[in-house]
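What follows is subunit A paired twice: with subunit B in the first complex and subunit C in the second.
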Partner chain A sequence: MNTKSKLKKTAGLAGLVVLLFLLPLFIKRPYYVHIFITTLISIIVVSSLRTIALSGQVSVGHAAFMGIGAYFSGVVSKELALTPWLTIPLGGLAAMIVAVFMGYPFVRVRAIYFSMVSLFGGIMIVNIIRVAQKWTGAAGLAGIPPLSPINIPGLMNITFLGQKVPYYYFTLLLTLVCLAFLYRIEHCRVGMIWKGIAQSHMVASTVGINEAGFRVLALAVGCFFAGIAGAWYAHYNLVVTPPAFGFLPSIFLVMYMLVGGRHRFSGPIVGTAILVMVPELFRGLKEYAPLILGGIMVIVVFLMPQGIAGLFDQMKAKYGEVRNRKVPGNAV
Partner chain B sequence: MLFETKGLTKYFGGLAAVSQLDMHVNQGEIVGLIGPNGAGKTTVFNLITGFLRPTSGRVLFDGHDITGKKPHCIAGTGIGRTFQLAYLFPDFTVLENVVASFYLYPRFHFWGAVFNTPAYCKKEKYILNQAGEVLRLVGLDKAKDELAKNLPHGHQKVLGVARALAIKPKLLLLDEPVAGMTRDEIVFSLGVFEKIRSQGITILLVEHNMEVMSLCDRVIVLNFGQKIAEGSSEEVRQNEAVIQAYFGSENAT
Partner chain C sequence: MGIELLAQVAINALMLSSMYILMALGFALLLSIMGVLNFAHSVIYMSGGYICYQLAVVFGINQWLSLVLAALIVGAFGLFLERFCFRPFFGDPDRTIVMALALIVIVESAVNILVGSYVRSLPSFAPGVLRWGGVSLSVERLVTFIIGTLLMMMLIFFIRKSKMGQQMLAVSQESVGAVLQGINIYRVSAVATVIACALAAVAGSLMGAIANLNPYIGDQMLVKAIEVVILAGIGSIGGVLGAGLILGTIDSFLPLLLSGSATDAVGLGIVILILLFRPQGLFGHEA
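Right, the complex of A and B next:
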């Protein structure tokens, strides 16, 4: 990439971020702000799912790790009266630890078999949450404390309870930090090794790469961020229920990733933004609204096999003179 | 003695793919492993490099017992290998293939890589340099920005060798390194093998090509998983058992 297009890209990104920061000035209705907050949280989760997918494994139980983060942080902050600012990272760590313990047996299987095993793993986690009623509540966990107020005398006093806009700003910050971290991991040697393993695990192990270990690492990193996002969601929504982390949400996460395009870092961001927001525009259709989702899905699968974010690449390959266009990542 | 197998045996169900194989490779040698199709040559390679576990027997390398260890651990002891089919990272460029293969030396630290510390940058720079050198050695430096999957077959095989060299091996296992290559490519590859040997790397190779065989200091002949002959390529060519294995006996009906 030459410096000019790099500069353009950076400027575009900065513009987008500024726009997102100014958004609450234009959008006043709390409901719309709510949509943006949930979209941002989903973007973190879907990006973390893509990080796992870099190593050639598509998890179909990723929402469950969000659930671990949400419930862990929710229960701990409620029962022990700890500040959510502390329990949210702990929720991420909890999800990561579970991912490592489950990962060691799970990485013995690859590709579609891994997806199957992860599906059952996800269902198992949600059922454990459901069974642990003593802490997690019968129908769901209620009474989760909101983010504790930030009070620096004379400088700022931010309260979160019942407020959308402060939540929006802090969610945006969290998303930016998480995405920056995931971007760095992907673009350093760790990400390169993951992509290599996805292409040929045999070659990877002949050059001394502990491919099982690196796949567990991918799970650990991905699930840590899913846990963080889940915990954040818990302290925003203040109520969490097991179905929110079950099979269907996991499938949706995979769908967001595939529609956005898994070969590009921007894929999960574009996919989530479109698939969460476009159905909102068609709320008037009531029970027919999911048809819009299905329609987008079909169009993308048929016309944009590399996802919406991959459309540019696809066009360049077809009409441009770029020979040997590079497909980052891998194909399952 | 750099490398040795003792009574190496592998059964696939009731079939003995390799049975009671004793062989050794000395430091600095080029040793050829030949035999008719299905003789068990690739199985021997897979047993050595840990992709298969031997039923019985031991593999010793550089004074260590490496029997039944995981492939990445065996790579760590200094055995590099290529595959019969050109296995590589198809969606990486040629250069990226080699850069990604520089994993063992130098090792990197996870947090160093994520935060792009000066020490990590220095290592990456060093790797880029070394990768360029390896590619120059195998003659692929002009194609370094080409996607690996777009290379012609011969170049893909050579890239496999470059990849194996990236782990700084003491012993290099080459599985049919020139199969499917053109004349020119074969001649070039022979030069590459000589250069690799001159760097002090020992080579064990499986091959059918006679020119490559003549490069070998010693040839071991397998048939039905058993060693039937050993010696210089000239000696082996005259060997009665070898001729029988390849062409059948005169009395056969």
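Right, the complex of A and C next:
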């Protein structure tokens, strides 16, 4: 890639981020801000799911790890009266620890068997959360404290309770930080090793890569960010219920990733943004709104084999070819 | 534990197993023949129950006839499913999964729009209680078990003895080789999808009379079907019977000891444990 197109790309990204930061100035309805916040949280989770998928393991129980983060952070901050700023990273750590303990035995199974075992594992986690009623509540955990106010005398005083806009800014920041981490991890040595394992675990093992270790590492990283996102969601929504982390939400996360395109980093971001926000535009249609979602999915499946984010590549492949044909002297 | 309770739990286990196996056989057929992870099996199961309800309760057709009709209608839908939803994406699991998920979204919201999301229930297929010695059993559960077993045996017989069944086996073992031998892989897939959909519809109708009907009943059944298929080992049709029996037994005996969600957690824990010691499934061959 030459420097010019790289510069263009960076400028475009910066413009997008600035636009997102200016968004609350244009959008006043709290409900719309709410949609943006939940979309951003989902983007973190789906991107972390893609990080796991890089190593060739598609986890179909990812929402459960979000649930671990949410419940851990919620219960700890409620019972011990700790500040959520501390318990949110702890929630991520809790999800990571569970992922490591579950991941080690799970490396024995590969491909579709891994997906299915992770599906069962996810449902099991949700059921365990249900069983631990003493702490997690019968129907759901209510009364989770909101993010504690930031008060720097003379500089700023931000309160979160009942406010959407501060939540929006901090969620945006969190999303950017998480995405930056995930991007770095994917493009460093570890990410390369994951991709190698995904292509052929046999070859990876023969060149001295610890397959089990790196697959567990992928799970740990992915579930850490899912846990953080879940914990953040808990302190935003203030109520969490087990069904929000069950079978269907897990499958929907996979769906966001696949519709966006799993071969590009932007895939989960684009996919989640479109699949969450476009049906919201048609909210007036009430029970017909999910049909819009289904329609988008069918269009994507038929017209975009590599997902929405792969559309650009698809176009380039198609029209680049035409251009070459027109100017035969241009061939390499 | 009294003998009566034991007998009731046993018939419950057999009934549940037979329903799990009906679902799982369809799922396994699609998975091994087409390589499709058909998450839409949940909505097929659910729509089978709803169509039966619509025919029997709203239109007032004889309930057994509407069961057969529901199976036929959903089977015909399977033809559409194979031709337009799975065939275009042959050999591309990502896209078939998205297609199946799109089907879930579309069919669930369609049912929500057409009949509403509140809970309904089919009337009992065979009301009454069978008393035998000191033991009383629900006739309905017994009949459900018998129907399930009959269908299951018919399918196994079909696969083992008929030409089409043998072709199915061949495709599931080695699809390229099967095509080279002149087997029409699309026709085999179509027949498999129709069978899978019809079986799911029968299971949905029968369970709709025993439990309730709502647009989301399929999810749990789908998870059970996947559990059975994975536990049996992908590609093993006979193994589905054994795995279904194990799972049905676990699911009907555990509630005696534990309550609610703990049952599901322990049941899944047992399945995961078995899989960790035998990653290829109980009856599977390939690693």
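Rule of thumb we're sticking to: the second predicted complex is superposed on the first by the 320 of 332 C-alpha atoms of A that agree within 3 Å, B and C clash if a C-alpha of one lies under 4 Å from a C-alpha of the other, contacts with A are read in each partner's own complex, and residues count from 1 in each chain.
Everything below uses one rule, namely that a contact is a pair of C-beta atoms (placed from the backbone, for glycine too) under 8 Å apart; a residue touches a chain by one contact, two chains touch by 3 or more.
Being a predicted model, the structure only gives us computed values, none of them experimental.
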Partner chain in contact with A:7 - subunit B first, subunit C second, else both or neither: neither
Partner chain(s) touched by A:177 [first = subunit B, second = subunit C, both, neither]: neither
Partner chain in contact with A:116 - subunit B first, subunit C second, else both or neither: second
Subunit B versus subunit C as contact partner of A:18, first or second or both or neither: neither
Of subunit C and subunit B, partner touching more subunit A residues: C
Touch list for subunit C against partner subunit A, complex: 37, 39, 88-89, 92, 94-95, 97-99, 101-103, 105-106, 108-110, 112-113, 219, 223, 226-227, 230, 234, 260-262, 264-265, 268-269, 271-272, 275-276, 279-281
Subunit A residues touching subunit C - in the complex, by the definition given at the top: 105-106, 108-110, 112-113, 116-117, 119-121, 123-124, 127-128, 130-131, 247-248, 251-252, 254-255, 258-259, 262, 287-291, 293-294, 297-298, 300-302, 305
Footprint of subunit A on subunit B - complex, ascending: 49, 51, 70-72, 75-76, 80-81, 83, 87-93, 96, 99-104, 108, 110, 113-116, 120, 124, 145-147, 150, 163-164, 166-167
Contact footprint of subunit B on subunit A as seen in their complex: 181, 184-185, 188-190, 192-193, 195-196, 199-200, 202-211, 217, 324, 326-331
